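The two complexes that follow have chain A in common; it is paired with chain B in the first and with chain C in the second.
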Partner chain A sequence: MIKFWRVAWHEYSRHVFRKRFLFALFSVPILIIFMVILVIAMIIMETSVKPVGYVDYSGLLAEAVAPPRVKWPDQTIPMLAYKDETIANADLQAGKIQAYYIIPEDYLKSGATKVIYLDKIKGSAERQFASFLKANLLSNQPSDIANRIINGNDIIVRSTDNSREASQNRFINILMPIIAGILFIVGMSTSSGYLMQSVVEEKENRTMEIMVTSVSPNQLMSSKVIADILVGVTQLVVWAIFVILVLVIGSNYFPWLRDFKFSGEMTGIILAVMIPAFIMISGLMAAVGATVSEASEGQQILGLFTIPIWLPYLFIGVFIQNPNSPLAIAMSLFPLTAPMTITLRLGFTTIPAWQLIASVSILVISAIGAVWLAGRAFHLGMLRYGQRIRWKEVISHQKV
Partner chain B sequence: MPTVEISHISKSFGTLKAVDDVSFDVEKGEIFGLLGPNGAGKTTSIRIMLDIFKPDQGKVSILGGPMTEAKKDHIGYMPEERGLYQEIQLEKCLVYLATLKGMDQTEARNRIAGYLERFDLASSRHKKVKELSKGMQQKAQLISTLIHEPELVIIDEPFSGLDPINTQMVKELLREQRDRGVTILMSTHQMHQVEELCDRIVLIDHGRTVLYGPLDDIRSQFSGHAVVIRTPDELPSLPGVEGIDQHNSSSYRLNLAQSTDTQDVLRLLVERGIRIDQYEIAAPTLDEIFIRVVTADDQEQGEGL
Partner chain C sequence: MNKTLLVLKHELITVLSRPSFLFVIFGIPIIGAIIFSVAGQLTKGSSAQILLSSLISTPSTVQAEGYIDQSGIIKTIPDSVESGLLLPFPDEGSARKALNDGEISAYYIIPADYIQSGEIIYIRPDFNPLGSSSQSDLMQWILKVNLLGGDVQLATLINGPMSTQKVALSPEPQRDANNLLTYFLPYAVLILFYIIILSTASLLLSSVAKEKENRVMEILMVSVTPRQLLTGKIVGLGLIGLIQVVAWVGTGRLLLARSGTTFNLPIAFQLPTSFLIWGLVFFLLGYAVYASLMAGLGSLVPNLREASQATILVIFPLMIPMFLNSLLINEPDSIISVILSLFPLTSPVAMMTRLAAGGVPLWQTFLAAILLAITAMLVVRSVARMFRSQTILSGQPFSRKLFFNTLMGKA
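Here is the complex of A and B:
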């Protein structure tokens, strides 16, 4: 048993303490942070704090109430009242305002305004003027009705046992299982890739023959799979910490993040699907590593597994429209497409229990099969240096 | 009890019979030569011995019984295809492989330090294995084979890639191990090394045993009735000598008639005033025996087809 953990630790440390792993590990959060900063920078750059003027012929803004506070990273744009268009236009020409609105006398009837600008008005200015106008139109209404109208509809779909709910305004709850699914798949794909590479390297280096005279082939293979899973778990833990930090810190700035509701049931389903999926993919990668003679050859075969794993993303539109369609059910039951399909469907529907049980059972059987296959491929291929093993040989009755 | 007992093992890969009814024993504390041409079945026999492959037939007994995981800690193996982790530092690689043989890290580190000094590798301990020359990697592999003080050492082509100085050092090391009671099974093509080191040999060809026994017995079995002499003079024709083969300007092989006594030939040469620098009974070298046996076996196999 000591040897098992020694091999596992060796495998784990040689991947985790490599520069390329640390780069891959932190590149995902860094990329997300970079993208968030980019979006914020674009919002800030897009926002001009130059005032927006208005000429009110309707009298609705005679005693204008202050516009509602904007949410960061938007910045407040002052709204300036003009008595007539000549002065407003002079200020526009002088560059004192970025645009001015004309609210006609019959605004309540027509609902139309006119906006005058020299350079196209920014989206943020349009949005802020619209909410300024809306706030003033509703200034005579009780605050709860006003808020209700301003915020619009919030239709919540709730499961009969109240354990789960979905809402248009709480899209973070739809997004979360998808994000978790992506992180899981990326994590398991990269770490399984390392496993395959490690097996091919040992074949290429001829280290395998030395290893099997110190530990049993089964011990060697299982410790590699465990190390691979631990490498994946390390990635996922780091990314999960990052996601939690985003939720905790981000909710101070982005109120929609506060709507995230942790679901134990959903987490349980994701884990029940992903754990056997992880073992299955590790087993397949190890088997590929044992059958090929060069790492580059393994990378090509890797694609055959990667394509079906990511395939459900192509059907995301179909899943949103009908998350319980025959296609969605079929893809939930096929082992390579199941992990992603299940996590995608989780955001949009309550998956029937029988489908979850069937999917997890198929994945568990597939995981056992993949590990068995890896063991056979390993026995057959470990000493055939420079030779590719045919899959027919792996699944045949040949004595190893 | 022999350290290794191989009894009628056979192994086929598809239609190819790699090993066909091979048997031999390796006694404790001897250096045993496993010989044979390329593709004869030597490596397959070794892999069966180490339980990497299961034989289709036959029995293998190692250190007193079937191979177990615990016994692996008492065996040192250096395969023909050398294998060390290329991307990690030499010392780290050796320590890791030693710990897989049941050693603790401190003990492994101490012993490795001694071996690295002896093999002139101490200054390269922090280098990645891939940065070492072929000869240095070969020495590192040998350290990995011996570091855990095994009872049985199985070593395939131990001298390939080594210069004469390192070859000499490895030979001394193998003798030293044998003197400590370690059993060594050595597979090599370098017959002069086998003649120098081995007590007994087995020669495998086409997967079958074609020669087996003590080296001296095998050589006398193949020696003809002849003498080799070295002289600066020209040789006259002598009674009882059926033929003279000249090897170079001063070396001759005299093939004698069955009734001729070698002492009589010597006396005749002295009487005729021939200056003799060397006079010895001609025994074939292992190289000659190897070629003779393998060629004959190839012909037999060819006829059999």
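Here is the complex of A and C:
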């Protein structure tokens, strides 16, 4: 048993205490932060705070009320009234305003407006002018009604058995299982990629033979799988800490982050799906590593597994529309697509219990099968160099 | 000179005779065309379409939804709403019963304090907060009309002007923002340039690294100088890149013309001739920069596996325009876009995308081309220096520091 842990520790430390691993570990959060900053910068740059002018013939804006304040990072664009179009046009040509609107006399009937600008009008100006019109249309309504219409509704979707509730506006709770799923799968595929690499490498440089003189092949394989899972867990823990930090720090700045509610049931389901999936994929990777003779060859076969794992991500739009379609159910049951599909659907719908149970049991069986396959492939591949092992051999009843 | 030609010929023959490369050249456009024509066949009502849609959709349910109005706001339902789509219920028990009996597919509860809180409770058996918004829009619309005392016209206006006539005073031709192609065409150009520059440049990397790994390099060095080898490889693989462009664009256009009935692309896909010339210029220069960087990388790494891990160093700048594609396409004149299209390491991709999006001042294109040409010259020269026998032949492990130092001529 001590050998088992020694191999596992060697495997773990070899990957984790490496610059490359740290780089991969932190590149994900840094990339996310970078993207967020980029999006905010784009919003700020997209907004031009040059005023928007308007010429009103309808009398709607005679005593104009200011529109509701915009939320950061949007910036308020001032609205300027003009008596007639020639002055507005002159100001536009002089670059004092970015565009001007003309509200015709029959606006309240026709709803038609005209906007004049030089070469293009920014989306933020259009949106803010629309909300300016809205505020003025509502100015003679009772204030509580006007408020309600301006602030919109908060639709709380509830499942029939009252077990789940989510607001359409508070999308953070819907997003969380999806984010968790994606992180899990990224962690899973990188760490099991390491596993495959290490198996192939040791085979390639013949370390394997020497190892097997003192460790049984089964011990070797299972300790490698365990170490690989621990590497993945390390990765996930760091990312989870990052997500929690974002939730804690970010909620001071972004109120919608405060709506996040931790759900034990959801976490349980994700773990129940992900743990066997993790073992299954590690087993498959180890099996691939044991059958191929070169690392580059292994990479190609790896693609065969990675595609189905990420496939559900492509169908995300379909799943949002119809989370209980036959396609979604089939993909939640097929072991390679199940982890992603289940976490995606978890956000959008209540998955019937039978599907969860079926999916988890299929995953557990596949995990056991994959580990068995890995052990067998390893046995068969021992001492056979320059020759690829055929899958037929691995699966056949031949005794090893 | 003769030896350079020999290297060139060898590269051309080895790459072109590889089945996997032939597949990339001809297979990808053919697969694309098949997908396009299949998508074109999937017109409404065909049996394949029915099968597909039944796979991805839930078995059809009742359209009607119920509501329980505890606030007493809903007095009228506008005439434009089809009758029977929304049914009133006096209390939750009866609504739930109707839901269980399959008369309605979901129901809303509008609480008594709706005007203050804005909360609407929406009870759905499948609990789908994202997908359900299309249905709940109707309920929100009805509430809005009723809040405004049944004034449908006012409620419509509140959503914003019904129509806005846009008048641009500048004489420049306007991009039609609503046309899908104005986005799609620059995007296709972006992807095309990215893939082609990258794939040909990595061909160079793999060819150098492979020959280094299996020690062919050592034998080659006996009769060819490093510079001859490098020139032969760069020119040879560059030709392959051009063949790839011609093959992709050519087969693509041919197949689209054949199936022109499904998509009316050719008219919209007409780009000015100047675009093709600029395309050639930026491809060749961009290729020269990236291919020589890759060759430098290849000369430093001990084997192919480390080579593929190190490529991220080189291709990272090229990935930036990919990340910012929407900015480049929708705001081709913003500061970031201009910087990206002038900066030599991103310009081959970014400038082409902007050119496809239109409205780039001529001086910017020229400046970008000149900057890129200067960079290409510098890079080729320093890589040639890097490509000395001693670096190529040594088996030292690769490190980032080594790469940049050698590039600067310090090692």
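Heads up, the rule we're going with is that the second predicted complex is superposed on the first by the 351 of 400 C-alpha atoms of A that agree within 3 Å, B and C clash if a C-alpha of one lies under 4 Å from a C-alpha of the other, contacts with A are read in each partner's own complex, and residues count from 1 in each chain.
Following the convention adopted for this analysis, a contact is a pair of C-beta atoms (placed from the backbone, for glycine too) under 8 Å apart; a residue touches a chain by one contact, two chains touch by 3 or more.
Please read all numbers here as calculations on a predicted model, not as lab measurements.
Q: So, on chain A, is it clash or fit between chain B and chain C?
A: fit
Q: Applying the touch criterion given at the start, work out whether A:Leu138 contacts chain B, chain C, both or neither, answering first, second, both or neither.
A: Once the two structures are laid over each other on A, A:Leu138 reaches chain C alone.
Q: Is A:Arg14 touching the first partner chain B, the second partner chain C, both, or neither of them?
A: So A:Arg14 only meets chain B here.
Q: With both complexes superposed on chain A, which partner does A:Asn252 reach: first (chain B), second (chain C), both or neither?
A: Neither: A:Asn252 stays clear of chain B and chain C.
Q: A:Lys3 in the overlay: touching chain B, chain C, both, or neither? Say first, second, both or neither.
A: The answer is first: A:Lys3 touches chain B but not chain C.
Q: Output check: A:Thr207 vs chain B and chain C. Expected answer is one of first, second, both, neither. What do you get?
A: first
Q: So, A:Asn218: does it touch chain B (first), chain C (second), both, or neither?
A: Neither partner.
Q: Rounded to the nearest 10 degrees, how wide is the angle at the Cα centre of chain A between the Cα centres of chain B and chain C?
A: Spelled out: centre of chain A as vertex, angle of 90 degrees.
Q: Between chain B and chain C, point out the one touching more chain A residues.
A: The partner making contact with more of chain A's residues is C.
Q: Go through the superposed model and pick first if A:Thr267 touches only chain B, second if only chain C, both, or neither.
A: After superposition on chain A, A:Thr267 lies in contact with neither partner.
Q: Which partner does A:Ser110 reach: the first (chain B), the second (chain C), both, or neither?
A: second
Q: If you've got the overlay open, could you tell me the nearest Cα approach between chain B and chain C in whole angstrom?
A: 8
Q: Quick one: which bits of chain B touch chain A in the complex? Just the residue numbers, please.
A: Contacts found on chain B: 47, 50, 52, 54, 56, 69, 72-73, 75, 77, 79, 81-88, 96-97, 99-102, 144.
Q: Under the definition above, what is the set of chain C residues touching chain A in their complex?
A: The contact residues of chain C facing chain A are 54-58, 96, 99, 114-133, 136, 140, 143-144, 147-148, 153-154, 156-158, 160-170, 172, 174, 304-305, 309, 323-324, 327, 331, 334-336.
Q: In the complex of these two chains, what residues of chain A are touching chain C?
A: 20, 35, 38, 42, 45-46, 92-93, 107-121, 126, 130, 133-134, 137-138, 141, 144-145, 148-149, 151-160, 164, 166-168, 171, 174, 295-296, 315, 318, 320-327, 347-350
Q: Quick check: in the complex, which residue numbers of chain A touch chain B?
A: 3, 6-7, 10, 14, 201-202, 205-216, 383, 385, 399-400
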